[in-house]
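I'd like to ask you about the structure that follows.
Order of writing sets the labels: A, B and C. Residues in every chain begin at 1.
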Amino acid sequence: MWNKKNLLSVDQLSRADIEFILNCAKILEPLSGRGNKLNICKGEILAEIFFEPSTRTEKSFQAAMYTLGGDVITHKNIGSSIEKGETKADTVKIMEQYSDIIAVRDPEELTVKKYADLVNIPLINAGDGSNEHPSQALLDLYTINKEIGKLDDITIVFMADLKYGRAVHSLIKALRKFSSNKIYGISPKGLELTGIETISIEELKKIRPDILYVTRIQRERIPPEERDKFSFRVDSRVLNMLPNNTKVMHVMPRIDEMDPALDNDKRIILFKQARHGLHTRMAIISILMGHEDDVLAIKDIHKKN
Amino acid sequence: MWNKKNLLSVDQLSRADIEFILNCAKILEPLSGRGNKLNICKGEILAEIFFEPSTRTEKSFQAAMYTLGGDVITHKNIGSSIEKGETKADTVKIMEQYSDIIAVRDPEELTVKKYADLVNIPLINAGDGSNEHPSQALLDLYTINKEIGKLDDITIVFMADLKYGRAVHSLIKALRKFSSNKIYGISPKGLELTGIETISIEELKKIRPDILYVTRIQRERIPPEERDKFSFRVDSRVLNMLPNNTKVMHVMPRIDEMDPALDNDKRIILFKQARHGLHTRMAIISILMGHEDDVLAIKDIHKKN
Amino acid sequence: MWNKKNLLSVDQLSRADIEFILNCAKILEPLSGRGNKLNICKGEILAEIFFEPSTRTEKSFQAAMYTLGGDVITHKNIGSSIEKGETKADTVKIMEQYSDIIAVRDPEELTVKKYADLVNIPLINAGDGSNEHPSQALLDLYTINKEIGKLDDITIVFMADLKYGRAVHSLIKALRKFSSNKIYGISPKGLELTGIETISIEELKKIRPDILYVTRIQRERIPPEERDKFSFRVDSRVLNMLPNNTKVMHVMPRIDEMDPALDNDKRIILFKQARHGLHTRMAIISILMGHEDDVLAIKDIHKKN
């Protein structure tokens, strides 16, 4: 059972836990940004620790905490004591002293679990190497549920680096907690994931997925000599194989694997998906900080205060 | 007519628009900083995006938003997904998802206009290459009006890189919306601007400008082989040519073109000018966020709340 | 007498000043973080300026200001106009325009004093080269007083780079304002401090210190050719020489000079010490901003508001 103290892996979460988080996110969505400032986390400080670059995760956690009424302190390697040789574990322990909840990203796998054992406050895995990125999986589920209307009986094709993609790993684990979901992969050779049926791009026409989930090739995690072997791209040819009600998602950043000229196609929902990161992370922070009752209570009230 | 949705160029603004912005800034000035916290932008988030370094613009927009009661998220290239190869347009679109208004600086000209077309929230050009920097022009006008008491019939000499200086470009455009302003340039050969009469330093004595406006040579925008050709410096010799009531402004940063030993001369108002950036940017944000009525209403009220 | 306008050096502070600061910190400690948000600095902005990397000082000042109800703008060299060649003095003057109080760290000695003369708002020395770090000394005193129950008649051993360690310099000065304190040093040859008796590690058994205060060797301040001469390490052998009630402190970051495997030993209080940085810096900011009466008044009131 989920202890509601950490969010380290999708493995911690039952189907009911996921549904609860998504329900909180749904309550919070209309209150996020655009002039709303909640008091749910007033006086609480989120410490963000990024041992690896981030844009979406970092900024959406910040915006989430501000909207909840809290404050944020952000650690990055540059300009910090990491440059003087401080260990990452010490940095995490130090940030704990000045904050009430921590979100940490680390390029190494499984380190984040160790950090959680070191600290006495809630800790969120904001991505640990190629391993997991559970808050991303939750925002993806939130997006799928909102766009498709359900989380069971979904057909989803990952056009992706399935091997090194932590967001994909977390999402696949999460989808398997629901029933009758059909999961396929379109992956360059060498980047497949055991247990996921690989299909060709042409088979998209037959499979008619609810979701086409694209990722970039994470070049920084692939041995340099192999980097140039891999490529794929969602262009109009691929888009034409998809039904009208398929939604195309992407964990972002995208490099060459999706043509921005197609962004106006209503099937492409990358930026909506990113925005749901704000709502989902507001829910995660609220729950981990012990404020789920406050979230449930605001269901009816609160406009601009 | 100004749409009050973006601030991309001084070209958007009529004389009346400028006067309105400066009037709002004047209302806000006594309420800025020093223990005042307004509610005008409570619950709203400013996204700052700096694809190029900044000190003044970045920090004064931050302080402006905090004083208005809002929050700020700041994107810089370092430690972000730009390092993974994300396009700048995608970064802007992503930051839009987590914010209510955007200020963006880009080393390339005319890109900021494109970003404004991509997003659905207000966007401020915080400097696009050598092109424009309209909020700088507005704070300069605010400073001139406050110090000289008028914006018509001003004599101003730019001792400056007129060719590559975006702040100068924006300010000259703005001054031409008022009447009878006389504009001269003291520029190294090759850095002049067509349509501005070039004078020698000695002619300052005869021209008796209201304003001497200095800029640094923007070495990063000049071809490397030409960089060392250009130099000028405001020293006591130059200062002695100026009347007692002339004011010396500088867009900052200054490198060698002004002697800090002269800072106590009351004609030199660099830091006051910088501080007016706070007031002017509070006005710009308020208006773009649709809160101009709130600004006009606080005219009489509000001390420390 | 302390002007309560700046905190540049421990030299400014009398014993009574120090006791007053620590008393304010004691009042603020139970109100710091964990859901408390004070109004003491509402509407006030702290400008942090770090010309040299920091983790603890930067983040604890941020958390302190947020908890006091204020906002923070942070300047670092990277991505700023320092990259364009701006002087540090100009950067400090500019940051003054957007803020109400400044904390500044500089790798050069004695520069911070000059900055204080340049600005018209309170300024805190957050470390100037090898010279001083007074807010660190105050948090160390707060920690010693809390853990040992007194600031007189203390026996303290610095196992440290006494020569280049600014935190040590400030703390020794501060301890000498109290009575009967016995101060010893365990330093590699060449890193001793005149006037401090040097002892061997084995003598710890005899001296039975109240405090063993460890620092890292500040390699960046030692000539490169000499860097590898110096080393020491607190391991279980050293720990076994200490009485049960000795406390081991460290200014952090630690590199190799303390074994993290010993962190569970209750004598090791590094992270508590770091957390007291939050409380002490809340006190310092409050006093310098002229809010000491507000601090004294909240003694009884204020839980979560």
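Assume contacts are C-beta pairs under 8 Å (C-beta built on N, C-alpha and C of every residue); 3 or more make two chains touch, one makes a residue touch a chain.
Just so it is clear, the model here is predicted, and its values are computed rather than measured.
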Problem set entry | Chain copies touching (chain A, chain C) - same or different residues, decided at half shared | different
Problem set entry | Turning angle required so that chain B lies on chain C, C-alpha fit (0 to 180°, nearest 5) | 120
Seminar exercise, completed: Distance between the CA centroids of chain A and chain C (whole Å) is 38
For this session: Find every residue in chain A that makes contact with two or more other chains and list them.
Result: 78
For this session: Flag every residue of chain B that touches chain A in the complex, lowest number first.
Result: 42-45, 47, 71, 73, 75, 78-87, 89-91, 93-100
Problem set entry | Contacting residues of chain B [partner chain C, same complex] | 33-37, 50, 53-56, 58-60, 62-63, 66-67, 76-78, 216, 220, 252-255, 260, 271, 274-275, 277-278, 304
